[in-house]
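Structures incoming, each one as structure tokens.
Shared chain: chain A. Partners: chain B in the first complex, chain C in the second.
And now, the complex of A and B:
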């Protein structure tokens, strides 16, 4: 299967339940060598072999970039998703051999920043685990504001507070604690960069308020991997390879293309990097665009689709693949 | 065993020469009898033994002399090496990359020993044996980028990646084909390529940027570029134009073979792991016409390429003044017979 990155053969060295929803997985290299160095904010794509199905999901690396003896990811169980997180929770045990990609960073720190202001929501905390470790190791100036539903679901909140004390501020939904976002964004020193990772609603809220309060867009960084959504099955003709495929309800279009032996390039599998952009040759029906890569104009035109996250409903779809 | 390093100069008396083995390994940049821009980027993987691609970072017989020439350039003009404050981490990334690659490819000349962040670096050709703490700038005589690029052939640009663009925020540039780091520092990809003719209209830079920002760790890429230089001068910088620019007027039918050099840049692109930046080594190879035409295929092909080069490109590459003299000289070595496919000599 093709990829934009080199693959790493790893073994699951530990599986640690963190709370009711989140489990942490540790990977080491099978050959005992060190893993590649990475930068805070990087993710890996984990290949999940589930019977005759292969899912490939991206997860942020959450360990310290200074420790390359192992990689760690945290997976939040999604009971209504396409089954990737359930597979990780149910079937991945210590000793299992897996394949992951080299790290890729699409949510990099801007090292020019005088201060890094980080806003996390829920499982969106994971890239900040690595970024705070990286910054703390080099005397970097950061402040983390972390919103979680309840204290018991505040994944790693305790560890972060132990490590960084007052540089971490927690907000619990069940106690009606809310970030005073306008005040926070209005009182930052010059040269501050803003980073946000969490649910789509939170990202949009933060980006909108930052723009309204005059933050230059190049100082506002966000990571939003759209997980592929399940949907009704649909048929696609692949014009270049001369194949016709069916996309299952729990399968992404990209996965269905790959299952047919065609290998488009990819990096993020979450609709942000642009690698798998595919031209539409003809269509009769409705596109369900879920990506953050194509412009609104592209979406309206019906000439392009991001098969990693987007779907189709209708009579016929012919792609240039 | 190992490489026999030549004692030679790239200025004044210009004693630079290629040995017969180095002539045959020269990275001749034309795989057909004409030239036009293309996005000629390919994976930077190890190539055939005895080629400049035998190792991903090439060290050759000119290593010691090139490092001495770099030291002379820096002594006159320290601004050839610059690193903006946020680029120090990328400098450490580059130090690791170059030490690893040189030690891997040339163990008889370079040795790297690591004990946690305590590193020992032995560079036998330059007589260096230093122990330092990785990540602690105070344990090296220079910043990490300057330290290692004073010991590595080729120019190095370190590009910061942000806002969907690449920014020229650090570099060591002393063997350049008429561009200036001091002028370009802090510019983005489109800004520093603004002077290049024709390529913008072809959309080449938009595609190239898209490719470069997606370069992944462990998967470097490369391309060749070329120009010509009168006399084997590494430092053809705008700052020193007054020293080398007038040389273009000195080419005569009698001295073409000795004075005119094909200058080939092997450019590679690497993702840096800690900083998420890109390093862009630009390795310069020089060969004089007398040496190049010892390979008849190259002589025939170069004649056709230079003769048919579009005027804008000839102007941009600075060939206009001596092109007729060069083409006339090369034409005598071109009997019109076909050339074999591929870059290499027959």
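And now, the complex of A and C:
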């Protein structure tokens, strides 16, 4: 069975539109008990049963870790994605019974830090909602820099400013407000840890500048769930189970493997955790790697693939599954 | 070269230039050679943002070679103990981006690391290179006294006089190896003392 994916039977207790793009969903346990404890930065994988199709998407828990009577997630509508967020926005109503995974944290705070410097972009704010609540509850030292497109799309910016006042700094793209990143990174006290969550371009920018300015890699934490990208259908031979499968254009390789009745390990389904790493036995074609787990060297070697987010184009692909 | 025996036994690397603008070196005796060797691999201008703190041997060996690297500052304290307040002050005022390089004896590396840990630097973020003597800084687990420059196995506690087995069990918090009484059952049993940490 898939590692760490013990399931929770929940019911949707509330659905709250937050702004034009983002809706918040509240889950409670169907048996009325408390949900498992979690720490700031944790995510759950939400099972979306959409007709005969099941999607499994990861979402950061954004509620306070001090309150486990409910879990909350915020979903940004993606009109050109594979449909998971649209399903959440259109079909998930209060009272719906759903299944989610136990929380898993791949983006946890390093509580040895003297100070936590957080950089959020867009919907990347969600893990910081939980982390700031956790730190505020224990007198932790943090500072949050949040970039959003416009004030009206600055999801939870108002709440964060209300709660934490000057510890939160907002930057609006439409007002040409930009983080003075080099200055910010050069003026942090020793013992500061850096956390960044947002679009891939932002994460890469922050990681590059931090490295160039002498931040040790152990002090730089980031999370970016890659959504599986649609693409051309392709065929895959699974050598261990002796099956040949077709990956549909809107399906991920991992979903296609699961649909064939093979149950590989997974955890985040977003190219981050490394659980579903799969060896390539042979290939004739081109890999489209979308994960943040494998090294560049691994990507070039053509010997490994992360089936949760990566695809393939070409004549043949044989995997050790 | 120190071999890994148990998990707490520190293993040292080779100094290598890290990215960034601020570099703090703390070295004693032969540790200067680690800095000089590393300088060959450092990019131009690297030492413009470097402070070297060097506790020299009484003969002043290696001081001239360090001066030749033209660091922004070269500080020559007479001892580690006398350096401590200034080192603490430097780290308290430092910002992220300061990289720390420790080279020389295990005692020096361990004690400088202890101060840096207190200042919030993770031990995995520090560059270390062991040079020179293998003499150990040892804490007697019975009386808690520290004995410096232990070269023998077993060793006598400089505080309580117990005969101690010098273990590989190391404490980063105390910057010391643990010494445990070797003849607790029968104090008349005196195992031969060999010089093993040279």
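A few comments on the model shown:
The criterion applied here is as follows: the second predicted complex is superposed on the first by the 318 of 321 C-alpha atoms of A that agree within 3 Å, B and C clash if a C-alpha of one lies under 4 Å from a C-alpha of the other, contacts with A are read in each partner's own complex, and residues count from 1 in each chain.
Convention: a contact is a pair of C-beta atoms (placed from the backbone, for glycine too) under 8 Å apart; a residue touches a chain by one contact, two chains touch by 3 or more.
Values in this document were obtained by computation on a predicted structure and should not be read as measured data.
After overlaying the two complexes on the shared chain, residue contacts for A:316 are found with neither chain B nor chain C.
Number of chain A residues touched is higher for B, counting chain B against chain C. Of the two partner chains placed by superposition, only chain B is touched by A:138; chain C is not. Contacts of A:282 after superposition: neither chain B nor chain C is touched.
Judged by the touch definition given at the top, the superposed model places A:218 against both chain B and chain C. Judged by the touch definition given at the top, the superposed model places A:152 against neither chain B nor chain C. When the two structures are aligned on the shared chain, A:37 is found in touch with chain B, with no touch to chain C.
By the touch criterion stated above, A:188 is placed in contact with chain C alone, chain B being left untouched. Legend: residue contacts after superposition of the two complexes on their common chain; A:112 is shown touching both chain B and chain C. Contacts of A:273 after superposition: chain B is touched, whereas chain C is not reached. Comparing which residues of chain A touch chain B with which touch chain C, the overlap comprises 112, 218.
Residues of chain C that touch chain A in their complex: 18-22, 91-92, 94-99, 119-122, 124-125.
Only residues 112-114, 185-192, 194, 211-216, 218-219 of chain A touch chain C when the two sit together in their complex.
Chain B contributes residues 84-87, 89, 135, 160-163, 210, 214, 216-219, 273-276 to its touches with chain A in the complex. Within the complex, the chain A residues that touch chain B are 4-6, 36-39, 41-42, 65, 102-105, 108-112, 134, 138, 218, 267, 273-275.
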